[in-house]
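Look at the two complexes coming up: chain A is in both, with chain B in one and chain C in the other.
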Partner chain A sequence: MIPPRFHGVALAAGSAAGAVALAILGLWCAGFAPLAVITTWCAGAFGNGTRIALSLQEAGPLLLTGLATALAFRCGVLNVGGEGQFLAGAALFTAAALVLPVVGFALPLALGLGAAAGAAWAAIAAGLARWRGVPVVLSTILLNIIAVAVLGALVEGPLRDPATTAPQSALVADVFHLPVLVAGTRLHLGIVLAFVLAGVVWLVHERTSLGFEAKVIGLNPAAALRVGMPVAARQMQLLVASGAIAGLAGAAQVAGVTHFLSAATTSYGYAGIVVALLGRLHPVGIAAAALFMGLLDTGGRACEKQLGVPHELGDVVKGVMVLGVLIAAAWAARRSAAAHQGPADG
Partner chain B sequence: MAELVSGVAQSALTAAVPLLLAGTGELVAERAGVLNIGLEGLILAGCIGGFAGAVLGGTAGGLWLGVGGAVVAGMLVAGIFAVAVVYARVDQIVAGMAVNLLAFGAAGTIWHALQDAGRDSLPSGAGFDRIALGGPIVFDQYGLGWLALALVAVTGWMLAKTRAGLVLRALGEAPEACAVAGIDVLRWRFAAVLACGALAGLAGAYLSIMRTHSFAPDMSGGLGFLVLALVIFGRWRIGGLVVGCLGFGLIDAVQQQLQGAGAAGAVSYRLFQALPYLAALFALAVFRGRGNGPAQLGRPWPEER
Partner chain C sequence: MRSLAAILVSFSLAFATSVAGEDKPLSIGLMLPGLGTDGGWNQLAKVAAEKIAKNTGAKLAVIQKVSQDKAGDELRDFAAQGFSLVIAHGYEFLNPAAEVAKALPRLNIAVSGADVAKPGIVTLDFDLSQASWQVGVLAARVSTKGKIGYLGGAKIPSVLACLRGFVAGAKSVNPDIKVVEAYPGWDQPAQAKAQTEALLRLGTDVIFLNVDAASRGVFEAIREAAAKGAKVWAIGSCADQNANPIAADRTLASAVIHLDVAFRRLVETTRAGTFKPGLVGESLANGACVTVLNPTLLGAVITPAIQAEVESVGKRLAAGELKVPPAE
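After this line comes the complex of A and B, so read on.
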């Protein structure tokens, strides 16, 4: 059988496979030949170097927003505001890139400002939770909706490119572009930074007292309080840190991929929740989940273009995947608890 | 001036109806102890279910198939959520977010299919318009609007005065005691979530086939999350909920007037649209007291040891 430490992997992989199988079955019923869907998807997701680079390009922001979500979730803070924090980061990065002088350190400075904007957007929720008792899950969602509106107002107003009528900003100068790794794609340095950050998060989780405290607080806040851990303060700090990572993701997306800001939102923030849960809140799992989701999206786009498969089906797959992994995990946890407890014990 | 007031009152009531429907559903689920963050997804399921039903029903049966389709769609998605949180005892908030995503994807896929089939407009003359009663204009409302008010009243009475209401309220406070009294806690909670799905589905039908006569993949637009805030704001009571919904309907009506009155030239209409959500955040920060919610809200039963 599967060794216990790989149970989480098995659960996630099983759910992903089940969701994909369900989608293919559904498409079969709708008249799409399963083999054609599978081959088109594979060719689109990793058929050649360019497609692999495109999938990785897609995985980058997902890895960052997934890490951001997990950082907060792990200590029991339900930050579902990655979307708003992502947009805040993208907006302030673009604004900074449009006004800052073109000097050597301008790119890191602008990226830092993007992260700070994400942190600040999360800090609103942190403050409301700490001092007014507003549930983070609600405030962060409401802040997402407000962020979308503010973004729209910005690209129609102060940040709008005077040269076009479309609601979008001007292109940022070349100095503010993250270097491209694979010619012909926009796979940029950000993916490397994202993996490095995943490593840092792993180190913090596994090797520092802060990571240990976060874990205890997430598992049992009452016990953490009793042994003297600063529960509320830690939770708020991690919420702000989570916002900073999501903000960085938004800034890196403008710096590396779009090079301008538009009112069209991409929901990388919401997708980050899926990545975090599918990755079981573990940095390695999150990296794997982000790569899988990148492949799923890029292959899905190829299926849409060549076969006419609706791309919205990708969201159904994600939803089924998450529900599958949640239900399977709850069931497995209960089964192992029952096994440890033994039969006929109350 | 009287005309303006009357017009604002009319659009305030029109805007309050979907909040009231979804809010009453959420209240039933939350009083039974189930926090349903997937409400947004249930509303969207109702939007597409209602739209698809209305299109299939044509002029003759569009109204009934539309309303029926919305209720079925809402209950179907609610059923998936209920299996996950009531029986599998998955974390309710996380499962709710997954349900939102699922409903968003499914609604988009169905809408895509409807468009491909060239069936993306409602049949005309099927009773989707406001009904003119001849009195003051505030009473000219959509048919579902009146049904909504009736359902709110019936639910309020049911929660306060009937045995079923007592059981529902007890489920949120002391499920253990309910179980001892011979009540099937899981089945009751399942039913409460399904009722929430039916009411949220009606809210969705109201948005798509009545208020806008169209569908858009993002048409629920955060309404479900606004309702979650309103239930807290109303302190889990039907009276408080009604006050909150009417208040937010009024905010929405006023922001529409401001948009129309040319204030939009100076400030983007997008900021006006965000006004109710900003107000909800404010309301939560200012009015939220502690210890008003059902004691077992969000907790699975039986609890793990």
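After this line comes the complex of A and C, so read on.
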């Protein structure tokens, strides 16, 4: 039997394995040899140092946006605005990098501004919830749409590279690049920061009264209020902190990977929700889920390039996985509720 | 010593050319920013690349939904796997491609849809504005109400250049003609349909559309209006939309980007070893961006006189006698 504290791990791993098995079955039916798919996928995901670095590089922003989502979700705030906060961070970082003087502390300053932009974008939703009663799930998703539009206006207007008519900014100066860890890839220092941040979030969750309050508020806000916890204030603080992490992810992506901003967005913010749910809102789970997503993506890309496997399949696997986790979690919760109630009823 | 080195160099050069000269199938990669089933920009490229690969016997690998974040890594990977040519089909790939091009001298990289030259890269700049001038002439000739419409996906430079060409062409025929414009987005047929209906209510009778996957909505609105007896027409763009399944009999022409013409040139220069980095203006003059009249309407709605006029205007545009006005 699996010890109860590992039920979450078993659920997530089971769903992931199930989704991958389903995908391979589907591919087999579509005429792809399962063995070739598996070997190509493995070689693509972690076949050599470069491929491992690429998978890690993909996991970095997912880990950050996953942590951001989980921070809010754990205390019952449905911040689905990671995308908007990510874009706000990327945009302000780029703007700062294009205007700030090239000095030693410019990079940390610009990264800090990126995090602040994400926090500010989340603060709009916090304010709307606090003073106008607008549900966070609604305001954050609408703020995503606004962020995309604002980003488009910025790269067509003030941030546009005058050398081109395309909606994109100029490249930021080298001072604003995060150092690359593995030559021939863009795996940058940000991945280390992301894992450190995951550790910090875990410490806050498990070892501080703030983390305990967040957990109680998430599980039962009425009870938390009854015992005198500042429910609304805590929720708003964590929403803003969540925005700051997503904003930092956006800033780090420009600093470490793209080095410029364009109107074409990547949806790391939305993917963060998937990562957070798959990781069951636990920092260790989120790190594992982000790594898994990174491997899935890099390996999937190799299958696409070498075997002609359709790209959509990777997206389908992700979707099936999250559905699997949610269904399994709901089923487990119902079973445990039934087990608890059983003797009392009888 | 020096002579020995010279012999070694010439030997290795001879060896290199003999390896390059071997009749190995060319490997080409196509990198798309979206899905190859989008009914627009991405699908057009996928179909064109597949056609070229089939005709030239090249091996083709297509990767879809590549973001600018991954473009550099994917190019490096294409190079590592021995690909000879990669077509990066989107302006957002220009910066990442320029950053890695220096480190990948054996990989030919072309970025399509951008407008800046970068070292080591071919930039394909597609200009449909001249073909838009031609369809402007056509629209003004066919319109009986003196009012025509333009539907764009978004107010981006290429879409606005087409508008300027369209307006200039129409006004060259009828200086008093009115052009009404709207921008309902690239991929929402319902919105495009509503906007088309609005344009028709305003009294336009020819609509030039440049809206990718949202085209369906425009054609539906045109078909429904035509079924009620209105004499209304559509003009397509980017892909050849003359045989669209919804309103082919109401589609006068299409301003077409022949990606296959541009792509074929890349494959041929790669094969011949004459691939030369720089900005390539793909336009009417080199046959990549042209107007295709709907063959089923020739002689009837598009009279021989109109057809001759559209063709002669095309020749003058290609020769540089007529110029699309620049952006203000």
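Basically, the second predicted complex is superposed on the first by the 340 of 346 C-alpha atoms of A that agree within 3 Å, B and C clash if a C-alpha of one lies under 4 Å from a C-alpha of the other, contacts with A are read in each partner's own complex, and residues count from 1 in each chain.
In this text, a residue touches a chain if its C-beta (ideal position, glycine included) is under 8 Å from a C-beta of that chain, and two chains touch if they have at least 3 such contacts.
Since we're looking at a predicted model, the values are computed, not measured.
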item	value
Simultaneous placement of chain C and chain B on chain A, clash or fit	clash
Which of chain B and chain C A:337 touches, first, second, both or neither	first
First (chain B), second (chain C), both or neither touched by A:210	neither
Touching partner for A:301 - first (chain B), second (chain C), both, neither	second
Greater chain A contact set [chain C / chain B]	B
Which superposed partner A:141 touches (first chain B, second chain C, both, neither)	first
Touched partner set for A:318, first chain B, second chain C, both or neither	first
Stretch of chain C penetrating chain B in the combined three-chain arrangement, among 188-196, 260-268 or 314-322	188-196
Footprint overlap on chain A, comparing chain B with chain C	156, 308, 310, 312
Contact footprint of chain C on chain A as seen in their complex	50, 54, 57-58, 156, 163-168, 171, 184-186, 253, 257-260, 262-264, 266, 301, 304-306, 308, 310-312
List of chain B residues in touch with chain A within their complex	37, 80, 83-84, 88-91, 93-95, 97-109, 111-113, 116, 217, 221-222, 225-226, 228-229, 232, 267-268, 270-271, 273-274, 277-278, 280-281, 284-286, 288, 290, 304-305
Residue numbers on chain A that touch chain B, as the complex places them	30, 78, 80, 128, 132-135, 137-139, 141-146, 148-150, 152-153, 156-157, 270, 273-274, 277, 308, 310, 312-320, 322-323, 326-327, 329-331, 333-334, 337
Residue ranges of chain C touching chain A (in the complex, touch as defined)	29, 33, 35, 61-65, 67-70, 72-74, 76-78, 80-81, 90-92, 94-96, 99, 114-116, 156-158
